[in-house]
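Order of writing sets the chain letters: A, B, C, D, E and F. Residues in each chain are counted from 1.
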Amino acid sequence: MMEILEYIGMALILIGGIFLFLGALGLVRMPDLYTRLQAGTKASTLGAMSTVLGVGLLHPDWILKILIIVIFIGVANPLSSHALARASYRKGVIPFSKNNIDKYKKAVKKQIKNLTS
Amino acid sequence: MKNVFIIILLVVIGYFLANTFADIPFGENRIGDIESSETVAGYYLSNTVEKSKVANVITAIVVNYRGLDTLGEVTVLFLASTGLASILYRRKEEEEDVERLNLPSSRIMRTGVRVLFPSIVLLGIYVFIHGHLTPGGGFQGGTIVATGFLLMLISYKGFNTNHNRMVWIESLAGLSFVGIGIWGLLSGNTFLENSTNVGVLNSLISGGLIPIIYIVVGFKVAVELTGILDILLKIKPKK
Amino acid sequence: MTIILTIVFTLMAIGLILSMFRFVKGPRSGDRAMALDTFSIIITAAMVLLAHVFERYIYVDVALIYAVLGFVGVIVIARYIEGAL
Amino acid sequence: MIFIILLIIMAVLLLAAAVYSIVHRDLLFAVMGTGIVSVVLSLFFYLLQAPDVALTEAAIGIALTTIIFIITIRNTTRDEDEIIDKENEKL
Amino acid sequence: MTNKKSIPLLKRKSSPGKFIYTFLIMFIIWLGFTTSFEPAELITGVFVSLIIALFTDRIFSCCGMRVLMPHKIIYFIQYFFVFIMALIKANFDVARRVISPDLPINPGIVKFKTKLTNSFARLVLANSITLTPGTLTIDAIGNTFYVHWIDVTSEEPEVAYKEIAESFEKILMKIYED
Amino acid sequence: MQEEFNEIFIKYHEIITIGVYGTAIGLILIGLYAVLMKKNLVKIVIGLSIMDAGIHLLFVGIGYIQNGTAPIFSPGYENAGERMVDPVPQALVLTAIIIGFAITAVALSLIIRLYKHHHTAKIDQIKSLKW
């Protein structure tokens, strides 16, 4: 039983490492800020969660604290990338788009108008 | 000319630093056998467990053996916060139109911060209550609590810290810190010496006065840092 | 087992270097803040893994602090970019 | 092997981030550079078996130092040479 | 109903349900931190959680105890599985996009309207959207979500809603809006 | 894992020594360079904090012991006192980090005050400092 858990844990750690690496690679390869945010957030969140959970499976008596870490990562990381995306858009970072699909521009203009008036 | 001079200076300093540290081999055991060691570290490592029943030796050093230093450290923090307040002093009439934030944050972020804030404060309290068992202690825990308050302060316009309550907590914490220290003096020991010896190693109730001192320090640091942040966030550049 | 750990740490190290590359190059402050975020999350994972390597439970506390506080710095920077502070 | 890999990478990253934060003209980026120095330094302390110090560095370096620096550059100028450059402010 | 303004933070009402809910969650988190069941730790945990719940219950909790009803917990578990599946799918998606040499992306920002009114449910939805395939929540103004989509298939709000949010929202409606 | 670690430590001892001490000394020199050369006050404070970081690293590096573990007698490590690293430098650095933060805060508030008065944060333009 313990050995099976150990193998699963090691597999999770390996997957986590690969996804952390892929997140960083996405950070470098993607063309603009928003796509970078996407790749970075998703891959690094799952990578960190999976690594941490893998360690939790290797040491079953650590599992409670490990779960707390996983939950915190899952709540906090998307939040920071959301804040970053919103702030950058409002400061005029134009998203890269092949077909010019941008429904957000109008809403921002309207909101800024409301705030200044 | 100045450039050349400074670079020569840097090279000289670097050379002498490297020369000095080349003589200290990295990773060498300089303590030796801790029971018979002549170093301070040997004394601390061999005596902490029996004398004060504290698992974390660094906590024992910071709060117990070098307690007077910690008093100085707390004083420095206190002086920093008062100094900052007096440097950035503004008159009462200027205070009227002060708003901390120019723009509201998004509703998602406000909700997220609202959900995370109690857990961050709980984490800070955990860190300073368990200062004698795990890494961390009063200073770190207080910093974490202050970070939680920082998160609220930068995302909510309506969130205000209660100044009177903060002053009260700070004075009470400072007084009890000094009081515990003087109690050590009165009972015939040195300042802040751990005169009680209760509990079992590695349980929550152990280490005598050390956890209590760290809790007090934690409250004091949290309040001081929150005060610093509050003052700093309220200043506005002149347009 | 050791070989897997070595592979994972190598991957993490390459990840750190790639995000440092993005940090140095990133044309806008948003990219740099994102690199900082990736840094802190990779380091959280590395810390938990090192706690396993050193076999000490108490080391997990540091990773816990990083998981909780790592995003505060990024949010502060985001609020500054927005012009809200 | 793990020790060596992490140590060399961290040494390079620390020095690179420090040089970056000294050299770059935009003070916001310099402050983010100190943030990276603090994050990597914390892992360094962790590797040198000093979890207490690592925790302190993490708690202080990651948010509090960043915000006091950011408040300062908001109240002074963001450009090191104080040449107000509209394009630069926008980034 | 639609453009309901959020209530200012300090004017929220505190209630026994909210208090107990906050206390329970805080106590569970405390147990996670300590991972020990010694009496001293438990008593300290109860004490600390009580104090925190006393000060923050109106900030922390949205709807009190009714989220913790048994049938809602079953929905939570269902949501968890849906979410984990989406997360894993998202990551293989990202991996495919990152590794393939010609970067198959067609990004754009779309919008859709959500039926959720509870702000906590919206937070959960926004975070889930950020972590699922190819989408990133940029903003939520009123009840409209603005989502950056890495591979836009349609600009229509209804289609976007169906593809991005529907599977999550169905369960969240059952948990928070009944 | 421990034996392998020892082998590597002895084999690559010079690289590790240069890695730790060299990084620390490098950080100190970079910080010092900024303090001496830069005109902007904020940059000077950044240089000070980097110098701080280098000194902390140097201290903790001196205290490290090969094959050591943290000086905490947690469950399972009650009798591991023989192979614990030196706790004294760590306690010193812990104090130094907090004090460094306080110093940075006060220095930055002074800079804000100076900027309000002189409308510049460059030392060569603050004329009233000369006499």
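Some points to look at:
Here is the rule we go by: contacts are C-beta pairs under 8 Å (C-beta built on N, C-alpha and C of every residue); 3 or more make two chains touch, one makes a residue touch a chain.
Keep in mind it's a predicted model, so treat the numbers as computed, not measured.
If each chain is reduced to the average of its C-alpha atoms, the one that sits nearest the average of all protein C-alpha atoms is C.
Set against one another, C-F and B-C show the most C-beta pairs in contact at B-C.
Mean C-alpha position of subunit A lies 31 Å from that of subunit F.
Annotation: 15 Å between the Cα-based centres of subunit A and subunit E.
Centre-to-centre separation of subunit A and subunit D, using mean CA positions: 21 Å.
In subunit C, the residues that touch at least two other chains are 2, 5, 9, 16, 28, 33, 53-54, 57-59, 61-62, 64-65, 68-70, 72, 75-77, 79, 82-83, 85. Residue positions 56, 58, 103, 105-106, 108-109, 112, 115-116, 119, 123, 127, 133-136, 139-140, 144, 147, 150, 154, 228, 232-233, 235 of subunit B are each in touch with at least two other chains. Within subunit A, the positions touching two or more other chains are listed as 23, 25, 37, 41, 45, 61-62, 65, 68, 72, 75-76, 79, 81-83, 85-86, 91. Subunit B meets subunit E in the complex at residues 106-108, 110-112, 114-115, 117-119, 121-123, 125-126, 129-130, 156, 158-159, 203-205. Remark: subunit F residues 9, 13, 16-17, 20-22, 25, 28-29, 32-33, 36-37, 58, 61-62, 64-66, 68, 70-75, 78, 81-82, 84, 86-88, 90-91, 94-95, 98-99, 102-103, 105-106, 109-110, 112-113, 116 touch subunit B in the complex. On the side of subunit F, the complex with subunit C involves touching residues 1, 4, 69-70, 72, 74-75, 77. Here subunit B touches subunit A in the complex through residues 103, 105-106, 108-109, 112-113, 115-116, 119, going by the rule given at the top.
Of all residues in subunit E, those touching subunit A in their complex are 29, 31-33, 35, 87-88, 90-91, 94-95, 97-99, 103, 105-111, 126-127, 130-131, 134-139, 141, 144, 146, 148, 150, 152, 155.
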